[in-house]
Structures are given as structure tokens and as C-alpha cells.
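The letters A, B, C and D name the chains in turn, as written, and every chain counts its residues from 1.
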């Protein structure tokens, strides 16, 4: 048994890799630091089969927006991150006046660290039904796009895979773009509630707090899919693993496995770690994301 | 302007009709009264085009289970009504060990009198995902059917018609039967929270607290659809109308219209009437319905 | 049996009276209409025993802020009404930098039309615990007051009268002012969600959706009490009564009673009337009130 | 800086101690194992100043009921644990037909692992208001006690200490006994959701997920206080600490501190560990506790 570090952040996947090697073919990284606002934007592009294998992620673009103060109730930083997120969405998709977008909020609304996606959908200014009935009259002139929202729930409540529900709804309502929002698992507590990952590859198996069997992506849905995620939990096993890293340095591979096997019990694998103030943080971040989506859709 | 009495109960539609005529072709009615338990079961079958027109309801079977004590927290009566409901479902559909059923809870979960459907879905023992993954092992021997549940939400939150979402999910997951649960509008406060209507015609336009454009029925979904509804509200306009009936007796048609036009303001039409204890009553009734569904699906 | 019109609005109590008489000793009324913003402010002051008896209200000042658009999602009008409310609170109490205020949200959080008070408390920027621990450092310079909040719940959930809980908490924490927020019953659907009543007499028996036995006021709490209320329901019986007014004109007192006795059934008395969109309206109005409280407490 | 293991369980505090010493004066322990039902009951009595200091707990009786299957949805075990809990409450307090008991649910209802207390209160059959108004008529003959319930909320929402609110309410309503229910922090994930601790010492500083400054006990409230707690979280720091124990064996005290100082970051201290299915588990356990309280209060 090898202990596998679980992370949904391409940024972290790459860090893991860098520990062993200096450069990685087929993976390009650009970083931009906005010093005044203390916002770091990292663009990881996985361009080859090889890169994808090495990173354990699909080929595509992963943009990470990091702001240390994002977990704080500072309205300024949230507005600025919303704007960065809007720009990022516009880079990935060409929005126009009549864009039709379906936002899907994955996760379990009743467990706070998993409720980010549903909260985002609840914050949105849904317009599709108004436009279908009355056209754009009655809407704010800037919001003439068709926005719809779906909270598919979790298998234990529905008996269905999220993907099945989304596929059905997409086929029926035919949006031009699907944005999937989900709470993610990070490798490091350092990134919790401070990082937004936006990717044109959707959401992938084994990701997040929930556990989706198949990718929710352009291939499975037939329309472009952008995934937006914020890490809100770390696996309990990961926390312990990371604390052990230095201790295990003198050990060989086999000794490490034995050591981890003892330390990381099966029960620990059913636990997650989350900040004590996750309730308020997730609510705040859900507004940052919904605002970013609104900004991306508005035209001047 | 003619004031139209709005009711979702076939029972009441027929009462309205009886006021003017003694018999109605193409509509048969059977009544059964369980004296000991004080439960009245009425089966209204609309068998012809004419009958359907006269009743303002689709052709099909409408069974109404009435129990005066159903609005009370008396566990005995709730169990008995669950059993009647189960029997009624079995009369309308042949369930077998491997039945696959999707239960759809219509309505707005955040407005109590409209939350009946969502509450019922939350009470269900969902099994479809377990059977798909592990087969029937691990399940109670009596519960080997595939049960799934969907809460489509309301247009103002999703931007989509409930029908669109249900159509998509049915096409994707192919249940053999859909059961749609909804809060209904009654004509009389006397029936609120005391009556369950079960029909093999699904749910129809203008019904309920919400307002669905198109029928959610076998025609639109491609599989049999059973509708279960409990009246939880009365239109405010109806209350006033009914209070007026005696007063208007001496008036002619035209005078009546003028009188009602003055009394029933447009604003009154945006209001509904509901019992002060609707919160607890809806919760209790949701268990009666989910229990009835479980009983119908269990085999001996 | 005489049918008693139930209203919590002093404005409406006076209207009822005016129907019979032209002027009322001991009750003064001032009205102010802000034409541009379409906000009407009415100040009813009950100054004598006689006036109090005639109005069925305690002696004191009742200010009513009415705005037709208040039930709409127009941010402009909500901001303006918040400002009017703040001014009104300042007229009733002299706030200073170190004011300590307890806001009590009455009502049942689980039944939307009754949830106004709890929602307002949930919106507040609570500071008392911060100031007790760290002083005013770390707070926004304008918010140096001690604000605390209490949601006492309803008797059916707590087994206690709201007054008992509030008395206990006030004795223990000694705020200089208590603001009690509650959903009210109006006489007319016309006023629902469009009217805010502010009074220096607190909240009184028979008021609101709930039913408090004893006044929550300066006399029972030992500190000044301001009541803020918004009508969100009308008794179902009242709706019917009002529709009958013209019909009953030719009848004498005795005939009227007989007529109403028939029309207004005991069951109707357990029902209330509320707008279909009460869910969103109450949420919006709760922000208008909490914002008004914040503005009143801020110093320049 | 010494890393202090945080546990609210007397059982665990003693285990910690036993690691260093064989016996502890002033602390008596009795254990009882119900083999058939696999329920272990441990009674730790701290009888002296010395014992209290060594254990880091107040003098008093701490009963722990452990059942491995308690985290499972097995109704049988829940009923049996409810009965053990009832017996335990009866051992600590002499209930009679007219007992008046206030149950206080501590914690934040919006964060699932902290919501145990509020959930328990919501499950109770509250009777005090009925008895005050109608006497015992209308009540089930077995439930003639006065039961009231309070959910004081958390400081961030109320601006008040839970103790202040409880003191006020107790002074006003004068129950003969207060039962305080809270989610606890355990030292080991092994005990999460499987252990109930009942103590006649109330709830103490630094306990639980929240952080109460002063004890909620007979001394502060003036009436006997029984605390009921279930561990639902473990400090993230504790998980890491425990994983380190073997690694640190060869180190001396000073080296250990240095080592832990590096490994257990300040940020880790703001995190907690909780099972992924905590949502359902906490709901189930809340019923086990409320049922136990009901059983203790019923007379034959």
C-alpha cells in the first residue's frame, strides 16, 4: 500500500513533482503577482500526454488565484478577486450578449465545507426563465444573458450520480457553457479558503469532498465546461503524512510504507480536517465566486 | 371577467359541478368509508372527453383519501393512511422486486406550504446508487427496488421549468415509474392537510402552489407518472368568493361579476391562505407519504 | 360574539376609529410625504388614557414608514427607508459612542411570514463580545457601540414565554436599550410588506403572528424598549370581513353579528393570509431593518 | 511551549495519566461491560483536590457510555444506549412527577459537528408552557414533568456569553435541574460518535468545540447541572501529535518541544478533524440523547 497524497490543485500536484525534479516537459507555468493587492495568479498549462500523466491531471489550463486575505471578511479583497475570476472566465470562454450559461453547484448543502457549490448557485441572478417568457425587457440592461442554475445533490440523497443529472439537464436545456463549482481537497492547510482554481477541464474523478466517478467535462457533457473550485478541506491522513515527512527522510521506501501503514489508520481516512470558522468563510467565498460569474457575463 | 374557482382536487371539481347538475356522463364515482378509522376513500374516474371538459381535469383515475384527523399528530391515523396510500399506488402500478422508481418533489423548499414535495424526497430510503454499486446485498431484504429522488426546485432559483429538469433526468436514468409529489391548492379550507389525492394522470398546468406550464405526465415523460398531492393552501380570492355565495344568490350573472370584480382585487389574487400550524403539519404529512411509498415498494 | 378586527398598526386602529368619528381627543397625528421617493411617514402620538382606550393601544409614539415599492427588490428604496428608520430610532433614543443595545428577534424562524425578527438578528454586526474582550480596537471606527442579539424562539419550542427569556437576559447583560423586532398582523393586505411601524411602547399582548401574554416594554424590562414591526400577514377572517363591509351596510348590529358568525367559521380563525412571494420579501425587509439599526448606532 | 493534549473526556484524561503512573489517589474507576449489547460503561469519580488537579477536571462523577455501533444507523443499539443514559441521569438526580428541567443545547447550529446540543433541544417534547396554561390535562399521563429548552447560540451571533444567557433564563424560570448538552473534543478519533459522557459537574472552560470562559455548573447557576456530551471532533493538532508519539520516544523533553513546535503550526491549531459522515451521525445521536432524557423523566 502506497499512501497517495490527494490534491485537487494542479498547483500542488506540480509542487509535489518539483520536489523530485527541476523541470517537467509538457507543463508550462506562468506566475503573476499583484503586489499591491497581494494576489498571486498562477497559470499551469498541461500540454502533453506525458505532462498529464506526471501531474495526475487532465490536459488543459489551470489558473490559480491566491490571496492570503481571502479567508478574511475584507470586502476590498473579495471584490478584486471577483474581478480576477471574471477575467479568467473571459480568457477561457468568449461571452456575448446572449450567452446561455448553466452553473452547477456540486456537493452536499448540509455539510458546510462541502456546500460551496450549492451556496454559489443560490447567490446567482438567475435570468433564463425571465428571458424565455418576456425577453430581455425587465432585466437590467447589462444582464441580458441566459443564466440557469442546478444543485444536483449527492448520491446518498438522490440515488443518482451528479453526472447523470447534469447530462440530462444539459441535453434538455442546451446551454452553450457549463460552469461547475465545487469544494476541493487541498494537500496543505495553508491553501484552505485562500485559493481559487479555475480550469477548462471541468471536474475530475476522485476530486473534491464528494467522489465523482466520471469527469464532468466537455467530453461527457458535449459543451465546454469550466470548473471553479476552492479547497475547504484537507484529508486527515494528509495532515499526518506531511507532519511525518522529515521524520521519514532516513527511511527507505519499504520502511516508509510500513511506517505510514501503522500511522495512517483506515479510520483516519474517513476523516477530514477543516478550519473552525469554515461556516462563515464558505458563505463569504460563495459570494466572491457568484459575483465573479456575474461580472464575466455582463457586457458594457 | 369571470372569477374562476381554482382547485386541484377532482373531488372538489365534481362538487362544483354537482351544484348545477345531478349526474355527469363519463365520470364515475365510487366512495368507501372506513367507519372505524374514519377514513373516506373516493375514486373519481374520468372516462370521456366530455367528462374531462366538464371537470376541467385530464381523463384518468383520481383517488382521494380523506381523514379528518390527518392534520393531527396521531401516529395511528398516519400509519393507516400510509397503508391506504400504498394500496392505492399498487392499484395504479404493478410493482415487483426490481422496480425502479423516481420520486420527484415539486415546490419551493423554503416556503413551508409549498415544501411538501421536497420534504417527502428527503424522507425516502434512496437505494438506486447502492444497487448500482453493490447489488442488493447490504440492503434490507424487503427493499430491493431501485428508488431515486429529485428536487428540481422552482424556476426563480433554477431558470428552468421543472418539466425540463425532470425530462432530462428521466431520459438519462430511465426509471419504470415516476411519482410526482406536490402541494396542492384546494377550494375549501375544510380539506387542507386532511386529504391526499393520488392520480395516474400526473400533475397538470395551473396546479398547485407553483405554476407548471405543461403537464408532468406519461405523455411528456414517456413513462407512467403517478401524482400525489395534499392541499396545503387555498387562494385568498377563493375564501372571499365562498363567503359571498349566499350574498350573491339574488344577483344575476352580470351583477355577480361586477360584485366580485370589486371585492376580489388583483392584489388579493397574489395572496394565499394557510393554517397557522402549517409548518408542523407539512412535516408530518411528508412522513405519511414517504412511508406509503416505501410500503408500496416492499414485497413480502 | 363580536368580530374584532385585529391589527397591530396604530395607523389602522385610527382608521377604524375615523370611520365613526371625525376627531379623537388625546391622539395627535402628523403626516409627512416625501414625494420624490414616495415614502409616507405618519406619526401617531397617543397622549391620554382616553386616546389609548379608543385606539386599543398603549400611550406612546407610533411612527409608520410606508413605501409602496418596499415589497420590490429595488435597492434604492430600501436604502432610503433604512435611513428614515435610523432617523426615527434616533428621535426615540439618544445614541452615543458607547451605546449598548440588545436587539431581540421575536417569532418562529421556521415559518417564513413569522421569521422577520430572527432574520434581522442574523443580519446584525454583533460587537458586544468583541468590545468586552478587546475593547474597540479591531472594530470599524464608526461601530464602537455594544450590539448584542437574541432569538428567544417560540413557546412551543422552548416551553417558556419570550418575555421570561428576555427579562432574564436583560437583567444579566444590562443593555441601555432593547429593540424588539416582530412580524405584525395588518388589517389590510394593502399594507403587507410595505409598512414599517416603529414605536417607543415595545410589543404588546395579542400582537403579531405569535401571541405574547404580557407586554415587552419598559415596564416589564426596566429599560427603554423600541418595537419595530412589519405586517406580513392578515387574519383570514379579516379578509372575509372586509369583503363583507358593503354587504352588511343595510344590516343592524344584531343582524351583522349573526351574518358574520355564519361566514367566519372557527376554522377560518386558525388561518392566515400571506403573499405568495413572502419568502423573498421577508428576507429583503430584514436587511432594510438591520441596516437601519446599524445606521442609527453609527456616529460620525 | 508545551503541547497540551485537549480532551473533554475524563476517561481519556485518565488514560493520559495512566501512561505515567499505575494508580491515582482520589480517583476511583468502575467499569461495566454489557457483553451481549457491546456497551461499556465506565464511572470515573474524582473525589479529592489532588485527583482533580491530576486529571485536569473538576471533582465529581463522570460516566462514559461507549458502544462501537453507536455511529451506525442500528436502531436497536440506539434504544439501548438511550436506556443506559436514562438510568445514568436517574442515578445523578431524583426525578419525580413534577420535576422541572431545563435542557440547554450549546454550540453553533450551523456547523454540523457543533450542532449536537441544538439538535437535541429541537427533538424534545417541551411541556412547560402547556402545564403552566392547562395543567397536566392533555398531556400523556407519563409526561407530567415541566420540560423547557434553550438554544443560547454562540457569542459571534449573540454578543453574549452562553453563561450569561443561561444564568438569566435560570433565574427567571427557576428549573430544579439544568441539563447541558454539548459536542465535545476527544483526544482520539477512535471515540468520535461512539461515546457519551454524562457528568454531574456541568460543562467546563476550554471544553468542546466552542470555548466557554466559565463553568456552566451548579456554582454558576445555583441549581444542579448535569452535562451530557458526545465527542464529534478531534483537534487537528492532536491527530498529528498522536502520530508522533512513537517517533518522539528517543527524544528528551526539550527535543520533543522543539520537534512539536515545528510540526504543530499555529494554523493547525485553528483546524479540527471530523468524520465525513458527521452530518447524519450527529442527527442520529441527537435522537439517542433526547430519547434518554424523555425516559429519565417518565414515571411509571
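Annotations for the structure displayed:
Methods note: a residue touches a chain if its C-beta (ideal position, glycine included) is under 8 Å from a C-beta of that chain, and two chains touch if they have at least 3 such contacts.
Because the structure is predicted, anything quoted here is derived from the model rather than measured.
Where touching is counted per the definition, chain C and chain D have no chain in common.
Farthest chain from chain C, judged by C-alpha centroids: A. Mean C-alpha position of chain B lies 44 Å from that of chain D. Taking each chain's centre as the average of its CA atoms, chain B and chain C sit 37 Å apart. Among the residues of chain B, none is found touching two or more other chains. Chain-to-chain contact here is organised cyclically: the chains close a single ring, every chain touching exactly two others. On the chain A side of its complex with chain B, the touching residues are 121-122, 126-130, 146-151, 153, 155-161, 164-165, 167-173.
Within the complex formed with chain B, the residues of chain C that make contact are 108, 110-112, 189-190, 192, 209, 234, 236, 239-240, 243-244, 247, 263-264, 267-268, 270-279.
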